[in-house]
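Structures incoming, each one as structure tokens.
First chain A sits with chain B, and in the next complex the same chain sits with chain C.
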Partner chain A sequence: MIRHLFKLIWNRKRSNFLLITEIFFCFLVLFAVLSLIVYNVRNYNKPLGFKHENVWLLTMRPDTDSTALNRQTLEQILQRTKGFQEIESVSLTNSNAPFAFSQMTTNLTYGQKEIKTDQFEVQDDFAEVMQMQVSKGRWFGPADNGAHHKPIVISKALERQLFEGEDPIGKVLPRNDSSSYQVVGVVDHYRPSSEYTAEEPAFFNRIYLPENEDEFYGEILMRVKPGMGVEFEERMVKALSGIGKGWTMEVATLEKMRQNKEKVSKVPMIALAIICGFLILNVALGLFGVLWYNINRRNSEIGLRRAVGASSSQVYRQFIGEVLVLATFGLVLGVAFAIQFPLLQVFDVESTVYFIALGIAVGMIYLLAVGCAFYPSRQAAAIHPAIALHEE
Partner chain B sequence: MITLKNIEKVYQTKTIETVALHNVNLHIPKGEFVSVMGPSGCGKSTLLNIMGLLDEPTNGIVEIDGLPISRYKDKELAHIRNQKLGFVFQSYHLINDLSVLDNVELPLLYRTGVSAAETRRLALTALEKVGLSARTKHYPTQLSGGQRQRVAIARALIGQPEIILADEPTGNLDSVMGEEIMNILLNLNRHDGTSIVMVTHDENMAMKTERLIRFFDGQQVSDAKTSAYDYQKV
Partner chain C sequence: MLKNYLKIAWKVLLRRKFFTFISLFGISFTLMVLMVATSLMDHTFGPQMPERETDELLFVSMMREEHSEGYSSSGPASYYFLDRNVRTLQTPEQVSINSMFFQVNSYINNRKLALDIKYTDREFWDILDFEFLEGGAFGQQEVAGASRVAIINETTRNKYFGEGKAVGKTIEVDQVKYKVVGVVKDVPVLRLYSYADVWVPITLKSQDFNKPGYRGLYFATIKAQNPADIPNIKAEYAAMLHEIERQHPVKGTKLSSFPDTTLEGFARTLLGGGKKSGMGFLYVILAGLAFLFMLLPTINLVSINISRIMERSSEIGLRKAFGATSSNIIGQFIVENIFLTLLGGILGFALSAAVLKLINDSGVIVYANLGLNLRVFAWGLLLSLIFGLISGVYPAYRMSRLKAVEALKGGSK
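On to the complex of A and B.
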């Protein structure tokens, strides 16, 4: 029977061409949207590499351009924040704090390899603030004061790409003409951009204030004790504003920043899903209409099939089967196109993402086809054979 | 073979009640070639539909091989149609998107336990019987009316039915082609012993069969052996 159905659809390929094309395009759009969704969901389920709960970000904007003066005030503010009992640990950072809309990249070279990587400038207590786990080596600390090479901690993603299996601890990497980095530790993960983005290679560069005299750092990350709220925030800002007179100070929780970033990540997904939903609805209505029309046109054939021995359930199954075969033709074309994405590693996305999206899209198209064929096929099965044969 | 007892068929709408068949009693024994005649609307096709288990009588009993089928379910009726009955229609009812061979194979698609190879062999044999072995790959639209009807007969034959129900098989054909089709049916009846019930408007064709039943206004008005009866029994 399956061979018969394929033969029937193949022989009717001209009249089924539009339907097959419609299924083909519907599959492609579905595949694209599902790839995006699967990509995001998979990223969402991966570890961030840090704990953002109870972490606040204090952003400061000085009112003068005097670096020396600003640095002096900054150090006082830093000391003061450490003095609050409600604050467990503190670290200066750059504008690319977790969930911020800012990124800093640089190239790191090792041997012949050059890798573009995210760079994060942080202090010794950053690992404690973000509760990060070092899987190899150690985090930088006072032991690195006066070290010949600037200590860095790298992420596993960078380790994989740059060292390809070699032990990275102790490796020296050129920084500029006069200085170099030395890898002192490795962290498993670090995905500060958002929960929906893939992990990029990253490394942490040590801020050691006595050696970074010309730099100004406008952000302080602080881990506060659980339960701290607006009351403490107000008290802290008031105290710090007393030191940084005329400075603008803003406090945001990383949780709030995470939510903002989540909204930005979700909007394109939701927009595409809505467009895709309309397209699917359109295809479903088209499919339903064409099937309905085809079945009404084929009354005589239905009557004949009943006469030669088909039961009503066999007629029902035949029409469902025909739609599945029709969908298969559209899907064969669609899959042949879509499979190029994992094969050619398009957009540098893991192949698994494409394969999962492909599987779900195929399943959804079949479900859609069966859903649309359900009622017309039932109608076909209910046609009285004597009446159907008489219509011709 | 097929027995009809007190068959009545009434078509009922909200306003009109039409009696298509009234008190029909018939027995078609194995190997008989029966023709049914009567004016249009007298109930011939309704009779054939009831005999072919495509329609149910309003009252009365239909027996196939002595078994009343009134309580049979759709699946069981389909099984009987597939195993014991063959149909030939005035308008052929071929599927234009399938080749001649595929059209002929159709009944065996609904029969379990027949392999694809066996189906193909039986289809070729049936086409050979109707003289269409050379047209297996053609499509119905590439054939003449007579050839199409021969394909339809081959399709009715493939399942080796005990009885063929033919509804005006020569109705759409000219006299020469009609004659060809009639000869094929007569051969089937004489050589294979297949029972045939044929509805026709053509007196000449009817006279070639063994028995002629006449209908008028849904009632059986005569049932007699024809002059061909003695010839066929010789």
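On to the complex of A and C.
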């Protein structure tokens, strides 16, 4: 039976070839766009690991090169922000604050393993500012002043990759030739780059101003009381500008930064989805037209089948079946091509994403084929044998 | 002859309206997407306000410094480098040094305006063609004296001062008060080297002027005397850079920086790793993307066209019986198809005008003013013709091979 079917299709390969190629390319386009969407949606549904509402980011650019002078001013500014009633807690950070367009990575080694990880330099109050949940151990704090090793808090993603089941608390990791890190805590998640990006391994390094003497940090994260608006922002910037004379200061809410980041991920996704939707609609219309035309041309064949006793539902099923076989041919080719992505791991993406996209794409193509064949097949099934044969 | 073909084509289009609709829908949408993409390209890289004479303008936006120990850094160049080495070049007509734009805040009536500020010299205003709505550029005197004067764009004026005149009033940006001397039309953010909301004299940043080193926060905009001078400027620039490398106290330091057009700069940063040109690669990628995108609609159109051959078999049989050659028939069908795609092209043009308006109004791209112009129209026409040819050739070939006798009988396999 299958050999017979194959022979049938092979005999009409000329006329079916274009339809099969069309379905093949249509599947590939769908697969690519769906993979992207599934990837983003899956990421979106994972926890961020922090709460960004009511958090502001103050960015400062000094006007001189003297680190000593800038550090002095910075400490005064930090003191002043803590003095505001409206601000609950503050923490210095590097330029890779949540939803910023900046990244800092470094390598951590434990035993033989070396992992590339994001590094975030923050102060003790960062846990309070971003409302981080520490699941194991503790966040660093004043207790670590004068500790022999530099205390760090790692994310679960890093724990999994670096320690593979061992308890990470208290483990010592080399930092450079003369000093080491010691893990003091673990947070469940930290995904600051955007809601649509996958979670990368991360660790938090402690900023302790008396020790990092020649470092300058240009950004302050602050959690403000709910309902604080531009009025307070203006007052704060005026006060702080009085301390850092000539410095450029800029305040952004994390919510605003999140929206910017969202736009960067969403706009291409929407544009792609629209273009893909148009391509599919185009293919659907074309498929519908061609099927309609072909089936109309087979009036005499249908008349004959009806005359020798086939019921109209049998004719109906034959045409739907033919289209499904045709779609299967295109899909087999397409799946053989698409399956290479999870097998070869072309991009650094979980295989599940591809399989979900593959499943949806196959389903959609079958739906499309059946949908396009539905009306022409019903028309064919309604043909009256006497009329069809008479026309012939 | 051509008139006859077109007449027949028109009649055929009217005969089966559904098929005509499918074909036109596919063609016009495909061309619409391509035209929107072209318009976006033209908007970013083509001659637009304020960079109108694109064939005479070069931009120095990147400086890459590599040391023999493997340490490297890249980003905009320093004022020190540009002032001493680029401003002194012999071949260019004029050179302007301007800073990249920085985001700063301005507060008015309990509202916040996030503004992008750019520090420029006097030459910046001579080289570029800004459209002034009121007032004018600041002059040499204001730059030399580091006056607190500012030129703002239309949107900033409307947000800060309301609809009225702004020249002579004071705007407070980042806690500094500037006197407004001019208002210009909005510059789209895609014009990275000219864009800002507020432009102020570069001398207000004089603390940067004497910082040695090659990396900093500044761009140079170079204007050539005529387009033919561009290669000479590039050559002189390369020689100057080579000389600096030779005299560098640390041996093995490699500097890469190029005066590029906007498109070259884009290709170099994105595809050439900041060193190689990347233009060839960019063209290959663009052509590849356009081809991939046109592939599905083309296959679709081909398969519809082939279905429609059968409708016309008796006509073809008749023409062949009266002595038409295969090439006559191929010619006729291609003309018909090009007629159809041009029709679709016009529809696509109308559609893209609507989509561009939608993009402009949505504010996805800040101050975007995407539009259709002659260049975009010419590209659209070219694309329509290519599309018509590709999708017409194979069906025409199939059509021409029909045997006269079989065709007259009304069937073919």
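Everything that follows uses one rule, which is that the second predicted complex is superposed on the first by the 374 of 392 C-alpha atoms of A that agree within 3 Å, B and C clash if a C-alpha of one lies under 4 Å from a C-alpha of the other, contacts with A are read in each partner's own complex, and residues count from 1 in each chain.
Quick note on the criterion: a residue touches a chain if its C-beta (ideal position, glycine included) is under 8 Å from a C-beta of that chain, and two chains touch if they have at least 3 such contacts.
Remember, predicted model here, so these are calculated numbers, not experimental data.
Participant: What is the contact status of A:337 with respect to chain B (first) and chain C (second): first, second, both, or neither?
Facilitator: Neither partner.
Participant: Could you tell me if A:375 is touching chain B, chain C, both of them or neither one (first, second, both, neither)?
Facilitator: Neither chain B nor chain C is touched by A:375.
Participant: Considering only touches as defined above, state whether A:347 meets chain B (first), chain C (second), both or neither.
Facilitator: The answer is neither, since A:347 touches no partner chain.
Participant: So which one touches more of the residues on chain A, chain B or chain C?
Facilitator: Tallying touched residues of chain A, the top partner is C.
Participant: Based on the superposed arrangement, let me know which partner A:101 touches: chain B (first), chain C (second), both, or neither?
Facilitator: neither
Participant: In the overlay, answer first, second, both or neither for which of chain B and chain C A:386 touches.
Facilitator: A:386: touches chain B, not chain C.
Participant: Using the touch definition from the top, say if A:314 reaches chain B (first), chain C (second), both or neither.
Facilitator: first
Participant: For chain A, what residues appear in both contact lists, the one with chain B and the one with chain C?
Facilitator: Correct list for chain A: none, the interfaces share no residue.
Participant: Using the touch definition up top, name the residues of chain C that touch chain A in the complex.
Facilitator: Against chain A, the touching part of chain C is residues 18-19, 22, 25-26, 29-30, 33, 102-105, 107, 110-112, 114, 174-175, 207, 211, 293, 295-297, 299-304, 306-308, 310, 364.
Participant: Could you list, by residue number, the parts of chain A that touch chain B in their complex?
Facilitator: 1, 3-4, 7-8, 11-12, 300-301, 303-314, 384-386, 389-390, 392
Participant: Which chain A residues qualify as touching chain C in the complex?
Facilitator: Residues 15, 18-19, 21-22, 25-26, 29, 61, 63-65, 229-231, 233-234, 237-238, 241, 248-252, 263, 267, 275, 278-279, 282-283, 285-286, 288-290, 293-294, 297.
Participant: In their shared complex, at which residues does chain B touch chain A?
Facilitator: The contact residues of chain B facing chain A are 45-46, 49, 52, 54-55, 74-75, 77-79, 81-83, 87, 89, 91, 93, 95, 97-98, 102, 106-107, 109-111, 116, 155, 159.
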